[in-house]
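So that we are looking at the same thing, I have put the structure below in C-alpha cells.
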Amino acid sequence: MSRYGSQFGPDITFLGVPRCDLDDPASFAGADVVIVGAPFDGGTSHRPGTRFGPSAIRQACYLAHDGSRPSLALRVDGLTDLRVLDAGDVEMPPGEIERALAAVERAVTAVAAAGAIPVVLGGDHSIALPDVTGVANHHGHGRVSVLHFDAHADTGDIEFGSLYGHGQPMRRLIESGAARGDRFLQIGLRGYWPGPETLDWMAARGLRSYEMTEIVTRGLDACLDEAMALAVDDCDGVFLSVDVDVVDPGMAPGTGTPEPGGLTSRQLLDAVRRICLELPVVGVDVVEVSPPYDVAEVTAYLGNRVVLEALSALARRRADARDGTTWDPARPLLDGRG
Amino acid sequence: MSRYGSQFGPDITFLGVPRCDLDDPASFAGADVVIVGAPFDGGTSHRPGTRFGPSAIRQACYLAHDGSRPSLALRVDGLTDLRVLDAGDVEMPPGEIERALAAVERAVTAVAAAGAIPVVLGGDHSIALPDVTGVANHHGHGRVSVLHFDAHADTGDIEFGSLYGHGQPMRRLIESGAARGDRFLQIGLRGYWPGPETLDWMAARGLRSYEMTEIVTRGLDACLDEAMALAVDDCDGVFLSVDVDVVDPGMAPGTGTPEPGGLTSRQLLDAVRRICLELPVVGVDVVEVSPPYDVAEVTAYLGNRVVLEALSALARRRADARDGTTWDPARPLLDGRG
Amino acid sequence: MSRYGSQFGPDITFLGVPRCDLDDPASFAGADVVIVGAPFDGGTSHRPGTRFGPSAIRQACYLAHDGSRPSLALRVDGLTDLRVLDAGDVEMPPGEIERALAAVERAVTAVAAAGAIPVVLGGDHSIALPDVTGVANHHGHGRVSVLHFDAHADTGDIEFGSLYGHGQPMRRLIESGAARGDRFLQIGLRGYWPGPETLDWMAARGLRSYEMTEIVTRGLDACLDEAMALAVDDCDGVFLSVDVDVVDPGMAPGTGTPEPGGLTSRQLLDAVRRICLELPVVGVDVVEVSPPYDVAEVTAYLGNRVVLEALSALARRRADARDGTTWDPARPLLDGRG
Amino acid sequence: MSRYGSQFGPDITFLGVPRCDLDDPASFAGADVVIVGAPFDGGTSHRPGTRFGPSAIRQACYLAHDGSRPSLALRVDGLTDLRVLDAGDVEMPPGEIERALAAVERAVTAVAAAGAIPVVLGGDHSIALPDVTGVANHHGHGRVSVLHFDAHADTGDIEFGSLYGHGQPMRRLIESGAARGDRFLQIGLRGYWPGPETLDWMAARGLRSYEMTEIVTRGLDACLDEAMALAVDDCDGVFLSVDVDVVDPGMAPGTGTPEPGGLTSRQLLDAVRRICLELPVVGVDVVEVSPPYDVAEVTAYLGNRVVLEALSALARRRADARDGTTWDPARPLLDGRG
Amino acid sequence: MSRYGSQFGPDITFLGVPRCDLDDPASFAGADVVIVGAPFDGGTSHRPGTRFGPSAIRQACYLAHDGSRPSLALRVDGLTDLRVLDAGDVEMPPGEIERALAAVERAVTAVAAAGAIPVVLGGDHSIALPDVTGVANHHGHGRVSVLHFDAHADTGDIEFGSLYGHGQPMRRLIESGAARGDRFLQIGLRGYWPGPETLDWMAARGLRSYEMTEIVTRGLDACLDEAMALAVDDCDGVFLSVDVDVVDPGMAPGTGTPEPGGLTSRQLLDAVRRICLELPVVGVDVVEVSPPYDVAEVTAYLGNRVVLEALSALARRRADARDGTTWDPARPLLDGRG
Amino acid sequence: MSRYGSQFGPDITFLGVPRCDLDDPASFAGADVVIVGAPFDGGTSHRPGTRFGPSAIRQACYLAHDGSRPSLALRVDGLTDLRVLDAGDVEMPPGEIERALAAVERAVTAVAAAGAIPVVLGGDHSIALPDVTGVANHHGHGRVSVLHFDAHADTGDIEFGSLYGHGQPMRRLIESGAARGDRFLQIGLRGYWPGPETLDWMAARGLRSYEMTEIVTRGLDACLDEAMALAVDDCDGVFLSVDVDVVDPGMAPGTGTPEPGGLTSRQLLDAVRRICLELPVVGVDVVEVSPPYDVAEVTAYLGNRVVLEALSALARRRADARDGTTWDPARPLLDGRG
C-alpha cells in the first residue's frame, strides 16, 4: 500500500474516521465522502503555514477522536450516517507548485470518479484549481458551479511571474473551462484587491461577486438566496470552496492574508449548513487555515467545524430525501425526545 | 484566622474589595455578595488552566484596584452600592475532585446561609455542582432554577470512569434533586456533544435547552423572554451559571473546550445584565476562563466584566426597588446629569 | 533635510506612499492628505506599546507596498486619487509628555495650514489633544466638531498628578476652547469609567455620548444619524478620532485598556466610511494600536484598514462632488464593469 | 482490543513506532522497550498542561514519522535496532489521582514483567511513584536505584492535604520500600524548596542530592561519576527519571514549576546518553513537559530528544556488548565511513 | 496611611513579605531590607513594558506567597532571617520622567536613611539614577561603588533631547558626583553601543567595563575578582545594579533592548550571590524585566530569583559574620543534616 | 530602475545602509559588501516562515537605523568602515524553486563579479546552492571552501521527488563541482539525520563534519583550529554559511527544524568573528531565521548580530592588514581610550 499519511506530522485521520488509500480504489469504493489533505503553502503570497492546515483541521476538537460527531442542530451524525474516509495527504513538494497541484487533481478526480464527494483540506487557495478541476473531470467541465466564500476574488493573472498561486485559481478555472464564469458565485469579498483590470475581466466572464458592503446592505440571507438560485441554474452540481479568511480576522486570526471586516464564524457556519442542506454539493474545500498564526487553535477549530457542518448537512439532506422530512431551524433541541 | 488567600498566586481580592474569611462568620455578616474562588481544573476533559481563572478574573482590569466600579450604563456602583466581600480561594487539591467539590459546597452553603449571594469564580464547570447545591442547601432543594449559559449541556453521565467532571455537573444536580430538570434553562448550546442518549435523558427531565440555531432563528431576546419566565415559575430564586465558552472562541479564546459559532461578548453581557436586573438571582458562577490559552487577557477581561455586569445589575435592581424607578436602556448616558 | 523617519524601526511610509518632510513646506505643498506618526505611549495608564503603533499601522498589509489601494467597495484609490504623503514620525521622547505633545501640535498645525488633511497615527490617545488643537489652529478654535469613537470618554481631569495622558485629552480640548463641548460626539463608550463627577462635567459642557447600551437599543445607524447631524451644525469641519478599543477586545486585542462589549470591526469600518463620505472631515487620528499585545497583527491590520477606509471615502466624496455622482452601497461589485 | 490510544488528541505512536496493547500481552511479547503515555496533570501544584505532554513528546520532530531514527553520534538506530513499541496512553482521570496512578502502576508492571524497559512519557512527576514501583514490582523492591534529574527534590510529605502529587513521589517511593533512600541520586536541585525539615528527612534516608552549586563547583562530570557508581552498588538496575525542569527555564520554558539556573539542554542530553550507555537501565520516565507554556515546541523537542538519546544509548550499549566494541565520543562523525 | 500599593495591578508584596508605608517611618523602622517598586518605562528607548516589572518580579514563583524562601544552596531564609518589608510602588507618571525619578530618589533615600538596604524593582534602567543617588544621599556621595551588570554601558549623554532615560543614568550619576567613575564596574557589555565619543568619556572618568570578549577570554571569575577588589577600594558600600539584559536574550527574552551573546542565567545568579556574600552591599536594583515580551514568565522568574539570591546571600553574610562560619560551595546539599 | 525592494513588506535596508540596484552595476561599483535578501521558504521540509527572514534580520535592532554600528569588541564600524550596500530582495516565487534559486545565483554572481562580498539573508538553506555557486562563478569552481555551521548536513539526495530543497544544497554543490567535498567543513551537526547511506556519500567525498559530541569532547576551539586550517589549504577563499539552527533551539526558537543540544549564541558569535577575522571570506549567508516561530524577536536579533559580527570582523581584518595591528581579545574595552 502506498498511503502517504500525513506529510507534516503523524499519520492521523479526520477525527478518527477510517483510512483509505487513493492508490487502492477498493479501499474507498462505496464511500460517500473522502477527505484529502493538501498540505501546501507554496502558492501563498504572504504569510505561509497552511501546509500544517490539514493536520490542524483534522484534530482540532476536544472530543474523542472516535469517528463520530452527532450534530445537536441537525440530528444526524455526519461521520457515521455517511461513509466518510480519510485518504491522508497528497504529497506536495512546497517548491514545485505545478507538480503539487497536478497530484491534487489526480487525487480529487479519483475520488469523484468513485462517486464520492471529495472534501479537500488546504493548504492555500491555489488548490482550488485542482479541486474544482478534479470534480469537473468527473461531472463535466462547465457543469459544476462554484460557491466561493472568501475575502479575495482569487482571480489574478500572473504573480511573481507565475500562473499559479493562491491569488489566481479562479481565473485558471474559468480560462480552462472547468468552471463557468457565470456560475461562479463569490461571497464576502472586501478590501483593496484586485484592481480594476481584473474586476473588468471578472465582469466580462459574468461572475457574481458579493462584496461585504452589499452583504451588509442587503443582508447575507438575501444574497445567499440569489447566489444559491444561480448555482443550480443549468449546472449539475455545486462545489463549495471556503477560504477561512472570509471570517473577520479578529475571530479567525490564523490565516495568511487577513482582511478586516468579514463575516462572523456563526454566519459562515450557517451559510455552509444551508448550502449543503439545500444544494447538490459535489465537492468541498476548506483552505487557508495557517496554524503558525493561529491563537489557541481557534481558526483550526473553525476549519474543523466548517467540515463537520458540511458533512452533517449532507447527511441531513440525504436523510430528509430518504424520509421525506424537512429540517426546521426553529425546532427546540429537545423537542420530540425523551 | 484561616483565610486561605489565593491558592495559585498572591492573595488578592476582586478589584480590591474587602476580604472576609469563611471560617469567621462575623467577617461576612451583613454582606450582600461574597466572592469565592474555586481554582480547579481537575474536572476538565481537555485543555486545563482554569485553576488560574479566579486570580485572572479578579485582576483583569486597567483601572485601579480600589473596590469601586461605577457602571456607565446602570448608574450604580456594583462594588460599593452593595456590600461585596471576597473570601479568597477555596483550597482545592487538583487531583482529588470529590474532596475539592465538597469544600466548595461548604463555602457556598455558608455564604448563602448568611444571606449573601455567592459569586463563585471558576475553575472548570464541575464546580456548578457544589455551587448550585450550596445555594439550594439554603433556599431549598428544587426551589432554585438554573439559567445556564454554555456551549455544552454538561449533562454527561460517567466519563473516564468518574461521576464528577466539567461535563457532568448538571446531571448530578438534577439527579440529586438540588435542581429541577424542568427549571433548568440552557442557552447557547451547539456542536456535537452530547449524543442522543443523553439528550433523551435531558428531555425526559424536562430541560429547556436553546441551541444556537434556535437562538439565531428566533432571536436571543425571544429565547430569553421565554427562559426567564420559566425560571421564576414556581421557584424562589435563580442561579446564573456562565460558562465563558458560550461566547464564540474567536472572541474568547482562553477556555478549554472551544466551540465555534457562539454569542458575541456584547450579547452575553446584555443577557447577564437583564437576568440580574429582572430576576431574583441568588447565586452566580463564572467558569472556564483558562488563562494559559488566553490572548492579551481578553477572556479574563470578559470574565471580570461578566461579574461586574451581574453585580451592577443586582445593585440597580435593589436601587429601583428602593426608589420605585425603572432603568431605561435607551436613555442617553449624560441625560439628567450636569 | 530633517525628515525624522520612523522613531522606532526603519523609515517606511504608509503602504509605500511618497515621503515629505515637515521642515520643508515645499515637500507637502498641494498635498490632500499628510500622514504623521505619533509614536508615543507615555500617556498610557495601563498597557504600553502604542509607540510601535505608527510603524505597525503603516505596514500591516499583505499587498505590495506600492502606494496604491483601489477600494473594491468605493471604486476609488484612496492613495492615488488623492495626493497622500507620509511625513514620518514626530520625535516624541517617551518620558516628556508636554514636549512630545507640543511637537505633534506643531506638525499637525503645519499640515492643516498647508490645506491638507492630517491623518495622525498613534500612539496613545493623549495625542488627540495636539491633533485636534493643530487642526483648530487653522480652522478656528471652536469651529471643528469631534466625532470620537472610543470605549472611554477620555475626559478625566488630573491623573497621577498630571494634566496630560490618554484619559484626559478631550477635557483639555474643551477647556482650552479648541473644541466645543456641545459638538463633541462620543460613540461606543462603555464600562466603569469615568465616575459621576466627570460625567457631570461632561453633561455640563453639553457632550453627546453614546454608550453601548443606547447603541444596541437604538441601533448604531440611528445614533450615527443624530451625531452626524450635530457634527455639522454650526461647525466648519469635523475631526474624526478613532480609538481602536471601540471595537470589542475579542476582535482587537492589541490595545492597552480593553473593555469587553464593543463594536465589531465591520461596524467600525462602515461608520468611518460613512463619516468621511458624508461629512467635511478636516482631520483624522487612529490611536491605541499596541503591537506587543496584538495577535497575528489583527489589530494593526484593523488600524491600517481604518486609515484606508477613511482615505477611500474622502476620495469617493471628492469624486462624487466632482462628477455629480452618488455612491450606492447596494450596487453589486461588478455592476457596470466588463 | 482495548488499546486506549491517546487520551488527549489523535491516537499516534512515538515517531511512528508500532503499536501494542497492554491488555494483550502477545502484542508486546519480546519487546525491548514499551513506551507508555501518562497524560496527567492532576498532581501539579502550579501550572498544569502536562496532560498534553505524551502527545507532544511523541510527535515533536521535523522528520517523517517512520519509526526510525539513526543517531549521528551513536551510530545506531534506537527505534529499529531495539524492538520499540508504543502502548498508547494510560487512561488517567485528571481529578482522581489515586486511581490514575494505580493505572500507571499496572501498566508499568506489565511492561517490566514482560522483560521490556518501560519508557513513560509524563505527565507531571507524580507518575514517578507508579513508574518506579512498577519496575520494582518486577525487579524487586529496593533492588532498583533511581537517577533523578530535577530542579526539585520531590520529597514533600502532605500537600493540599494529599499524599500524592508532583512534589511527593520520591518520599512515597522510599517510604514504601520500592526504592532505597541511599540509592536515590538527585541531580540539578536548586532554589527554595523543600525546607529544612524535609531536607533532614532526606538526609536521614541517605539520599545523595547534587544541588547546582555543587555541580558548578565540582563539574557535572565529577558529580555524575560519583552518582553513577553509587547507582550500581548493590542494586540490580537503574531507573532514570528526567524532569525537564532540570534544564534552565530559559531553554525549556514549557514546564510547570520553572526554576532559573539549571543545566543546558546539551548537558542533559549528554548525561542521559552516558547513563543509558554505562548503566543497566531498567526504566525511564520523562516528565513535566507542559505544551501550553511551551514556545515553538522547544521543550517538547527536548523531551523527544531525551527519549531518543536514551533509546539510542540503550541500543549502543547492547551493540557494544554484542560486538565487544567501545563507543568513542571523540571519533569524527564520518570516520570509518565512505 | 498613604501606601500607594501597586500602580499597575493589585497591591501585592514580594512573595508575601509584610508591607510597610514609606510615608510612615515607623512602619519600616528596624528593617534590614525594604523592597520598592519603580514601575516605569518612560525612559525606554525601544520596547516598553517594564512598568509591569515590579508586579511580575514580586509574584513570579510557583511556591506559596508566604514570605519565606529557604535557600537550598545557602542554608538561610532570605525573607525571614532578615527583616524584609515591601513598600509597594512609587507613583511614577509614565510621561513625566523627572518627577517620576525624583519620587524614587525620595523613597530610596528614606529607606537608606532608616538603615535598611533598598532593593528597587524596575522599571527601566533610568531608575538607577535615583537608586544610587538615594543610597549615596545617606552613605555619602562618592562613597558607594557601583557593580553594574548590563549589556549596555548606559552612559549616553542626551537622547531624544532629554538628559534622562534608560541609556543615560550612569553618566548622570558620575556627573553629579553621586558615584565615582573610577569605582564604576560594568560587567557584560557587548554589541554596538555606545560610540567612540562616549567610550572616551567613560575612559576619562576611569570606568572599568568588562565587555563579553574579555569575560570569555579571561573567565567571568577572574573579571569578578578584579572588579570586586576595586569596588571596596576606598568606598564604604557597594550598589549592585542588575539589568536582566546582561543575560542572553535567548534565555531572558522579556526585556526591551536585547543583545545576543550574553551570560547564562546560572552565571548571573552565581555572580549576584558572590557579590552579596563577599561585599558590603548597601543597595540593589533589578531592572528591565518587560513582561509583555516575556515567554512563560521565564524572565520574570529570573528577576525574582536574582532578588532572592541577593537576599539569601545577604542573610548568609550576616549569619557567617555572626557565627564565624564560612559558606562552602562544594558542600553537598544534605551534608550535616538528618 | 528595477530595484525590487522587499518582497514581503516595506522596502528597507539592513539597519539603514544605502541601497543599490542589482540591475544597475554602477550602483554597487566599489562596494565592499552587498547585502542580498533571499526571502524563500519553498525549500523547507517542515516549518516555513523564512520568507520573512530577510526583513526580520534587516531590522532586528533597538538602535537607530542609521547605517552605522561601531563594534565595542572590535573597535571598528562594520557598516561605515566598509562600503556596505543593500540590494533588496531577489524576487523568489515560493512555489517555483528552480526559478527562484536561479535568480539568486544571478544576483550573487553579479555581486561577486563586482569584487564585493555578497552577504545573503535567507530564506531557507536551499539558497546555499546559488549562494556558493554564485561566488564560485567568480572565484572559480572548486577554489572556495565552505565553512558550514548547522545542526544538519544538508547533503540529502532527492526529497519529495525534488533535487532542490533545504536538505540538499550541499550535495548539489559538491556534485556540480562548485565546491570541493574535501574542503567542506561542517560544524554543529547532531540528531538523527541523515542516515548511513548519505553519511557514506559524505565520507566518500571527503567532507569533515564536526558533530556536537566531538565538539563537546574536544572543545569548539580545537575543532575550529582544525577546520580553519583545512579551509585555506589549496583554496582561494572561504564561504561562511550560518544556519541559525546550529544554536540550541532553547536560545534560537525561530527556525524550522530545531534540534536540541546546540551551541550557545555566544559560541556562534565568537566563531563567526574568528573566521571573518582570520580567513579570506568571500561570501556569507545567514539562513533559517523563521519569524513566525520566533519569540520576542530573539532569533531575528541573533541573525542580525551574526551579520554585524561578520561585517565588523571583516572590517577589523582590513584595518589590521592596513595598519599592521593585531586585535587582542583580552584587551579591556576602555584600554587606550579617554
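First chain written, first letter: the chains are A, B, C, D, E and F, and each begins at residue 1.
Just so it is clear, a residue touches a chain if its C-beta (ideal position, glycine included) is under 8 Å from a C-beta of that chain, and two chains touch if they have at least 3 such contacts.
These numbers were taken from a predicted model, which means no experiment stands behind them.
Participant: Mind checking chain A against chain D and telling me if their interface is mostly the same residue numbers on each side, over half, or mostly different?
Facilitator: The interface of chain A with chain D is built from mostly shared positions.
Participant: With chain centres defined as C-alpha means, what is the inter-centre distance between chain B and chain C in Å?
Facilitator: Centre separation, chain B to chain C: 38 Å.
Participant: Hey, how far is the Cα centre of chain C from the one of chain F, in Å?
Facilitator: 43
Participant: What parts of chain C, by residue number, touch at least two of the other chains?
Facilitator: As it turns out, chain C has residues touching two or more other chains at 46-47, 248, 250-251, 264, 293, 295.
Participant: How do the chains pair up in terms of touching? List each pair.
Facilitator: Pairs of chains that touch one another: A-B, A-C, A-D, A-F, B-C, B-D, B-E, C-E, C-F, D-E, D-F, E-F.
Participant: Could you list, by residue number, the parts of chain E that touch chain C in their complex?
Facilitator: So the residues of chain E in touch with chain C come to 8, 41-44, 46-49, 51-52, 91-100, 126, 159-162, 164-165, 292-293.
Participant: Which of the residues in chain D end up touching chain E in this complex?
Facilitator: On the chain D side, the touching residues are 45-47, 189-193, 195-196, 199-205, 207-214, 216-218, 248-251, 253-254, 256-262, 264, 293-295.
Participant: Which bits of chain D are touching chain F when the two form their complex?
Facilitator: 62-63, 68-73, 247-248, 250-252, 264-266, 269-270, 295-298, 301-302, 305, 308, 329-334, 336-338
Participant: Please output the residues of chain C touching chain F within their complex, sorted ascending.
Facilitator: Those residues of chain C that touch chain F are 5-6, 9-13, 16, 58-59, 65.
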